[in-house]
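Mind looking over this structure? Questions follow.
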Amino acid sequence: MKAIKTAVVGASGYTGAELLRLLLMHPAAELVCVTSRQYEGEPLEKVFPRFRGVQGSQLEFTAPSADTIAAAGAEVAFLALPHGVAAEYAIALLEKGIRVIDLSADFRLNSAEVYEEFYGHPHPAPELLDEAVYGLPELKGRSEAIKSAKLVASPGCYPTSIITPLVPLLEKGLIDPASIVTCSMSGVSGAGKTGNVLFSYCEANESVRAYGVPKHRHLSEIEQELSIAAGQAVQISFTPHLVPAHNGICTTTSATLTGDADAIGAALEEAYGGSDFVRLLGKGQPADTKNVTRTNFLDIGWDYDPRTGRVLLLSAEDNLGKGAASQAVQSMNLMFELSATEGLQNI
Amino acid sequence: MKAIKTAVVGASGYTGAELLRLLLMHPAAELVCVTSRQYEGEPLEKVFPRFRGVQGSQLEFTAPSADTIAAAGAEVAFLALPHGVAAEYAIALLEKGIRVIDLSADFRLNSAEVYEEFYGHPHPAPELLDEAVYGLPELKGRSEAIKSAKLVASPGCYPTSIITPLVPLLEKGLIDPASIVTCSMSGVSGAGKTGNVLFSYCEANESVRAYGVPKHRHLSEIEQELSIAAGQAVQISFTPHLVPAHNGICTTTSATLTGDADAIGAALEEAYGGSDFVRLLGKGQPADTKNVTRTNFLDIGWDYDPRTGRVLLLSAEDNLGKGAASQAVQSMNLMFELSATEGLQNI
Amino acid sequence: MKAIKTAVVGASGYTGAELLRLLLMHPAAELVCVTSRQYEGEPLEKVFPRFRGVQGSQLEFTAPSADTIAAAGAEVAFLALPHGVAAEYAIALLEKGIRVIDLSADFRLNSAEVYEEFYGHPHPAPELLDEAVYGLPELKGRSEAIKSAKLVASPGCYPTSIITPLVPLLEKGLIDPASIVTCSMSGVSGAGKTGNVLFSYCEANESVRAYGVPKHRHLSEIEQELSIAAGQAVQISFTPHLVPAHNGICTTTSATLTGDADAIGAALEEAYGGSDFVRLLGKGQPADTKNVTRTNFLDIGWDYDPRTGRVLLLSAEDNLGKGAASQAVQSMNLMFELSATEGLQNI
Amino acid sequence: MKAIKTAVVGASGYTGAELLRLLLMHPAAELVCVTSRQYEGEPLEKVFPRFRGVQGSQLEFTAPSADTIAAAGAEVAFLALPHGVAAEYAIALLEKGIRVIDLSADFRLNSAEVYEEFYGHPHPAPELLDEAVYGLPELKGRSEAIKSAKLVASPGCYPTSIITPLVPLLEKGLIDPASIVTCSMSGVSGAGKTGNVLFSYCEANESVRAYGVPKHRHLSEIEQELSIAAGQAVQISFTPHLVPAHNGICTTTSATLTGDADAIGAALEEAYGGSDFVRLLGKGQPADTKNVTRTNFLDIGWDYDPRTGRVLLLSAEDNLGKGAASQAVQSMNLMFELSATEGLQNI
């Protein structure tokens, strides 16, 4: 099998490191270029001692540059860069015929206006928004769109855990779109590899707190996809929390049932019963982050509370995995006509 | 100052240990009797090595018995026993003229029927329900009731964090009582000192999950107190979660605003502005469990989301502190006409 | 490639689960039988929700029995059983021509007398001691012995981290065998999947302590292998500690230098320079458990303190990996003439 | 009781915060001045939300200046500053007649040469070295010296846990001074309140590693005090480790017995049997950091290994407590003729 030649741009953070880990182990992919201004000239295995001695880990970081990436023969580049910065690399790489999987927020929104509202600056490349595919392969028809995409916008961590269980219920009109309330709990790696003292061990340990309320940036892509599913504009209440764990997101969403309670499980089953990565736990079964860390699985349980008439959707994923790096690799697999699970079966 | 003679019944779990810690340090209280079947005959300091060498820690555990407690001269007894069991000790102790602060659920509900619905067995002492005071001293008039009470039912951990911020808003009609959705996150000590492998280090670490849905027992007392405040029957959606922390509860409650957003802060300020233990953080300020562990503080922040019209109430407490042991000591202080903060000022 | 048919006996603990994880992912092995009295009749994926949906995870636990294992066609059986119990299964399986990799202590010692001294009961199968190979493949000649072994005694977790760095120095006479002092720190999974409240989250979290002093059972195999290397009887001072981590062992060993300090690095390089799994970090480079968890790597750094004349050996491994399950799989690879790294390259 | 007027200089780190916590709660002390360049003008309770609402927490940080401290009427100043910086404040404060308790390393060593060797720059105030008292009150005669001291050098965290158990054995000649090997494990707060990514939650969690070998700076004061006790120059092998805990130090020291094993317990008992803060656990009893965090206790257990002839000393303390802040408060109590345990009895 000919290996796909891959590049990772901005590979020094947690999402970048997880991409490297997955690509180093991937049986049908090869890392040909990794970039990091901070670590230019250093081999992967020096920056990430965990990778020492692994085949491919002697590759050296280069400064980020579309020319360098093209010269290395990359067929696809993963962008693990801040929003705003990612777009300029995407433009340059696409021009050179290199397909792009962007893990930033730059191409997740269909609307440049919404982007500016949530991200606080004009969209850096509005002309590419039409071309970009929001890379949540489990959504209807999305897998096919990803296969032929030149530019995939890989979803955010919270959105993946929130959108996936809600979409089938909204599509079938089983819940009231105006009643959705979501609480998510994220491990600390969601804050990135940072020197911010707020995320130091002694501050984050034994600390549980909400943050980013009431208008977290991820709402923009969440509401975009929920609105598509509902066929009407949807706005939700979303409160993210930071909890003392390395990785993992646990999401609890509730919404008022408008249909038949028995239809909930059936709708989830119809949407995801044959999915490679969505695991349906069934009624009354909460999802536990412990079971999905370092995998591409998204676990979904659900329940119904007849007292309040509300449906509960309980989901768990790895914020660095299905919420970021492994989901991006899943898109790569689709784009290069591999099995969706190639290189993503580790548990 | 004459020290209050206190007993702790069922002192070997986490709530019991926290009671012992607070009473050993309390400047106006003295432990005269501690009971535990498991540790009968052993001194406190042997069972809890943390207490070694502290004055009073040589006291030996006795088998639980109202006679023994009375013989020791106890004026007040804290019951840290399972529901169902606590009631029988309460009866026997009250008969001997010993005041009782019960940390179980046995006397929290006004209705024996609701008790049976939620706890699965008939109420063991329905004749005492009228006499018992639900010991959340911050509620209006509750402090006065506690002062003269013979039997205080100390609130549950989740309820304290949920009821306290909601009550002023319901009393003033600022939110729609039918719209309340609550997510709480509790540290593992909430599961008790247990050999259940589910709560072993390796299972609970790096694990975040919902549990006990959709009808957690604490709903009964939560809804009782919210209904009183609202002047109408209230039912809420409540999802507790287990997070990898020792102690602390972080609660996020949202509800649809029906009044003026500016009135939220004012209502909280009016209710708790002069409180010893409720700390108002203000608008946009999430509460962090880190700041309240091992204290009797309940921190409350809030926010308003004009997009969804929902109010957010963000609260944090120590599940073993304001959610259990220190709140019970606060009641004791009131019952014996001490300053409410006596022995509860440690940070 | 024809898959090796494997069985795991006693698969419900942490070592068993790690074996299952490795064998489910192994490209050249197939699980044909897993046993557990506790979980008889339940599929793997129900007992270990992490494995849900993974190929092979529908296999059901059976009661442990050599007949059942043989009937399933197993070519090799891993025993993840308590010492004393493992031996009887080993005897029965060997009689049926099934090769055995025992992860208990039953066959690690050459001497039945030493076994009885350290384990407190007569050896259950002394006649097999000669046949058993102590399965630390990095030791000289050991790899060859494992290849043809019918019975491999896979080393204990602490011993692997202690023996490996010391052996080359003892063989070359670079340190005084009477001067060896070792401190190890283990994550809580080393205590097993247990309902013992000592290892509950709330007890083990924020707790660091020594235990099992001064004569931990693992000393028996440590001293056996060190004595072989030194060509004389060696006894060491060994203090294990429990630290609040899930997995990983960090070991610090010091010994008085009797040779040339420059020879230390050279001796390690000569012994392990070409090793697949021992990673030499060099002088002044401490090993971090973070870099080896969930791998079969053993990282070794070292230093020399001219003030005290002592050499420091700093090693790290995963107690469930190189210290147990993945090391056992490494032996399987050797026994079945696979590449040593087959199925063990995940990072 | 007239309150002692106290100042804390450099109060924004973890040691500073623990000092503030202890002084805010101290029944016989009052904070009159707290300094921090970073937080000048902000009240304590804003910088440390944990202190919100506590009496005294409205005090504002000022820029550090001896004049300001004197103007506030401080009788004693605690210096929680980096070494090198502390000395200049000590000089200025002493000149103004303010007694100084320095928590940095500046005055711990009797020898300016040793200081320069270990700290890499000339001693900033060698003329004060004679006057300074090494503030480990449990050492013989040290309590008396502290009472009359103008300048107390409060010991380092590791040294307190290492020196205390060793001194009585060295004084009685029970162990070979040349044979001492120490391993310590510290929680992450030992690294200070820092934005260094190495100590971020995601890096420090699930990470156990040695560091600072082979010549940690604390060796200078350790060996100074051990040499005094032994009556001869002592050098030890010391390896500190970082473990994933907030606070606490666990220390294991071994040394060759040269006297009678029975004399070990007796020597410890003679030295510390009546101590307020050293708790002797007895033979075979490891010390657990869990029991001493947030206290001024130092727990000591011990054992003897007849196989190797080595004594084991097992100690635990809070690195921020007995290893820093509470030990400094203990010195203050002595200097102002309070009971040694005043304000230090919380558990």
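The letters A, B, C and D name the chains in turn, as written, and every chain counts its residues from 1.
We adopt the following convention: a contact is a pair of C-beta atoms (placed from the backbone, for glycine too) under 8 Å apart; a residue touches a chain by one contact, two chains touch by 3 or more.
A quick map from chain label to UniProt name: A, B, C, D = N-acetyl-gamma-glutamyl-phosphate reductase.
These figures come from a predicted structure and were not determined experimentally.
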Of B-C and C-D, whichever chain pair has more C-beta contact pairs: C-D
Most remote chain, CA-based centroid, reference being chain C: B
Centre-to-centre distance between chain C and chain B (centres being mean Cα positions), rounded to whole Å: 47
Cα-centroid distance, chain C relative to chain D, in whole angstrom: 39
Where chain C touches two or more other chains at once, by residue number: 203, 206, 244, 246, 288, 290
Chain C residues touching chain A - in the complex, by the definition given at the top: 21, 24-25, 49-55, 279, 281, 288, 290-292, 294-295, 297, 299, 345-347
Chain D to chain C touching residues, read off their complex: 181, 183, 185, 187, 203, 206-211, 213-215, 235-237, 239, 241, 243-250, 252, 254, 284, 286-290, 293, 303-305, 307-308, 310, 312, 314, 316
For the chain C and chain B complex, residues of the former touching the latter: 14, 188-189, 193-197, 199-206, 244, 246
